[in-house]
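So, here come the structures, one by one.
Next come two complexes built around chain A: one with chain B, the other with chain C.
This part shows the complex of A and B:
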């Protein structure tokens, strides 16, 4: 009997140790990623400063010129357009779903959002090339510029906007429905209309969480690869209008991984772009998750 | 006057909301319409049952069975490996650690962050490791990177299920003299349906991922026979086919996109259907 119990306790203890090692390995994994990417980017960083790399415009890998400005600007602009479009859409959708909608609307919209969330990135890319790109080149761009291929900043922003919608709506809905109903009732009892209640009670108390949600969506949009790659045009230039082609960082990585071993410093340059993405997304995620955890803990 | 303006803005805002809802639903419908419309027009039985024939990328003989099977191999293996790693982590977080443990907090935060890291960065990182150990693009490398990608998704969604487990039930098992290891078996049995849903949703995410396998799995016209051979995947071949100039080849991309969409929708809808049923019968 004692023997058996000893075995049971031993099994309990060993399993605890094994599992703890796995948990600690997950911290180590993040660190390994950072170190690995940094080490590979090191050759480039040894003869260019980070500031130089990020602000130079010329991208000529064969002549050892690595200016990341076009890619960084493209990434920022694409993300900005996507968020500008997605923010009002997801905000109003989430408000409607939590504050106004009848059950049948919810039963229709939630599954639709689930589908959006589950579709793979490459499918969005196919949709973008088949619908958005021709739409822009034939119907939208001619009103503003002489010629546009359709593979543009605007197309990338639109596709990305749809891709971040489910994430933003679900985060907003989670935040809004965490606001206690008594607050709404108190506001309504004072004669406020539903929108006044939403604006002054629901939204006001969810502001920190909403900022975190937006930051999270930004980091998702920045790292999105295939869908954007398929509609962005892939020209290493700084886009001057929404009808210009662009070339975000993930697309740069995806397009060139095959040939990167043949040109000196090229691999380092590509790994540097992965490192930028990694660091920015890591920081953004960390900040927004900490805020969201705080918000949740308060409820 | 004040009274009136608040009703005006109410109507305006309501219109904006309905517009947003309509836009969201319209996006979904237009995506599904395009994929299904184009896909059904171009899909043939040969495409999903044959390997690519000579000149596949030029004239379009044969099909993309290699990609379908490649994707299934990668995702199945990654799911099994992912479960082996993520279930113990979730168990440790929820049963072995105390509810307000600092280690648990940081671990959850780490997985939230890992979840957010773009798959292209996973691909780049895996590529570095491959070079370091002298591995070539292969089925094995594709499996490894997909496993890395799927673990954070699994841990986060399973953790959410496990956290719902009533703490009191755990205390009851302890009071019967069970060790944590034995209590785990009780808990796992209770949350099994939730874990199944979480697994299915993760699989749905992993099968559609392109950027990570692009770096690691390579491409091949054949079904891989060993772990060391390169393999095609469905998302990557959609991408490759669509960028080809010939319209006949592009039709294959539409067909492949239809196949991928159907696979993903079936997996994720099954997952959600199961979770709906589970939540109805929860204690």
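This part shows the complex of A and C:
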């Protein structure tokens, strides 16, 4: 008996060590990625300061001018537009599906959302090129500007919005469904309307989860490459309106990775762009985590 | 000029259930229920597990709407208003008049203060500020919580003990000035001391409110009931004053239930 118990304790200790190694490995991968990117970007960082690289606007690799501001701004603006559009859309869709829709509507919509979420991003890109780009250049932009090719910040934001929408709806649906029915009953029993119950009870209970869902969606949106690359216009400039072309960091990487060997410092510059993306996503996650902890502490 | 606090006119009308049938997914749960539940009394609905007590209680303020595939026939009358046929504004007002205290304490995800103020806000019974503050304190006082939560009114309600949470739920229900309070095994999740506190509260509250309580504990019903309804397999078997039902039961099923032959 004692021998058998010893074996059980030994197994328990072994599995705890294995799991700890796995956790350390996960952190090590992230750290290795950051260090690898930094080392690869070192040739560029040796003759340019980080501040200089982040604030410069000119992108002329052949003349050793590497200004990343247009790319950083494009990334942030495209993500912001996508999120601004996707957040209310996904929120109200999820509220409708969980709080108002009949069972047959849910049975119809949920599989459609799963299909949308699993589509390869190139399909969204093609859809954007064939539908969104002409729509903007022919029907929307003429009301605001003299000329727009349609390959714009707006097109990128719209395509990205549609791409993150299924993910956000699914996450919100999961969150709202997880709110105990007793809370809904407690509110309804006092004479609250379904909307009052949703707004004051269901959404309120879900706020920490909603913050986490938005973080996940933003992280996905920031790194989205192919679809955005197909509709953004790929011009290294700071967009001054939604009808200007833009050039987010992932598109810069994907477009130029094959050509980098011919120009000195180009490889280092592209690695630096990957490092910026990495740090931006990391910072965003950290800030969100701080907000999330504050919200949880308040509850 | 400050707006006067809205006071709700309270009547002392019995709640009348007529020919009530309810099925869920085609399965009959309540069968031809006919009852007259007296005002300003504690009515205990007793019966074995799964006999339809909680479903009957939920039907009285139409919480059954939140269950899929429910079919209801008959009527539940409060004055001349039929709860079963009510919709829109009328249903919201009827739900305010018939409050519910749930089985499990369910504080809403907000502060203690906001929990009590919740109903008054949605029904616009008090204005924010001093008026609301006075109302919140009044209802916390009514359930004996006011001193216990002093200084932490704005902290999360989930931090209270289970017993305190259930009294908070009662305060929240009282705050919309209902005529009836439905309590669905409201003490089953509580420790004996908290359970006794809530029982005593119900006895005190019957002067101003009519209380309908589902209970699985016969001893509790014997302690506090004025009027008793015994349900078995979705049908009302016997009704009467507590003395009639507990001391002189007419039906064999009631006698067997009271003897503990089934539960």
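Some points to look at:
Assume the second predicted complex is superposed on the first by the 253 of 299 C-alpha atoms of A that agree within 3 Å, B and C clash if a C-alpha of one lies under 4 Å from a C-alpha of the other, contacts with A are read in each partner's own complex, and residues count from 1 in each chain.
Basically, a residue touches a chain if its C-beta (ideal position, glycine included) is under 8 Å from a C-beta of that chain, and two chains touch if they have at least 3 such contacts.
These numbers were taken from a predicted model, which means no experiment stands behind them.
Once the two complexes are laid over each other on the shared chain, residue contacts for A:126 go to chain B alone; chain C is not touched. With both structures placed on the common chain, the touch criterion links A:42 to neither chain B nor chain C.
Contacts of A:109 after superposition: chain B is touched, whereas chain C is not reached. Which of chain B and chain C touches more residues of chain A is settled by the count: it is B.
After overlaying the two complexes on the shared chain, residue contacts for A:180 are found with chain C alone; chain B is out of touch.
By the touch criterion defined above, A:223 lies against chain B but remains apart from chain C after alignment on the C-alpha atoms of chain A.
Legend: residue contacts after superposition of the two complexes on their common chain; A:52 is shown touching neither chain B nor chain C. Contact with neither chain B nor chain C is seen for A:241 once the two complexes are overlaid on the shared chain. In the superposed model, A:62 makes contact with neither chain B nor chain C.
When the two complexes are laid over each other on chain A, chain A has residues 193, 196 in contact with both chain B and chain C. Residues 6-7, 9-10, 13-14, 16-21, 23-25, 27-28, 30-32, 34-35, 38, 85, 88-89, 91-93, 96, 103, 105-107, 109-114, 116-121, 123-125, 127-129, 148, 151, 179-182, 201, 204-205, 207-211, 214-215, 235-236, 238-239, 242-243, 253-254, 257, 260-261, 264-265, 268, 272 of chain B touch chain A in their complex. Looking at the complex, you find that chain A touches chain C at residues 103, 180-193, 196, 200-201, 204-205, 298-299. For chain C in complex with chain A, the residues that touch the partner chain are 61, 63, 65-66, 68, 92-96, 99-100, 102, 104, 106, 108-110, 118-119, 122-123, 156, 158, 169, 172-173, 176, 182. On the side of chain A, the complex with chain B involves touching residues 8-9, 11-12, 15-16, 18-20, 22-23, 26-27, 29-30, 33, 36-37, 40, 88-93, 95-97, 100-101, 105, 108-109, 111-116, 118-127, 129-131, 162, 165, 169, 193-196, 216, 219-220, 222-226, 229-230, 250, 253-254, 257, 270-271, 274, 277-278, 281-282, 284-286, 289-290, 293.
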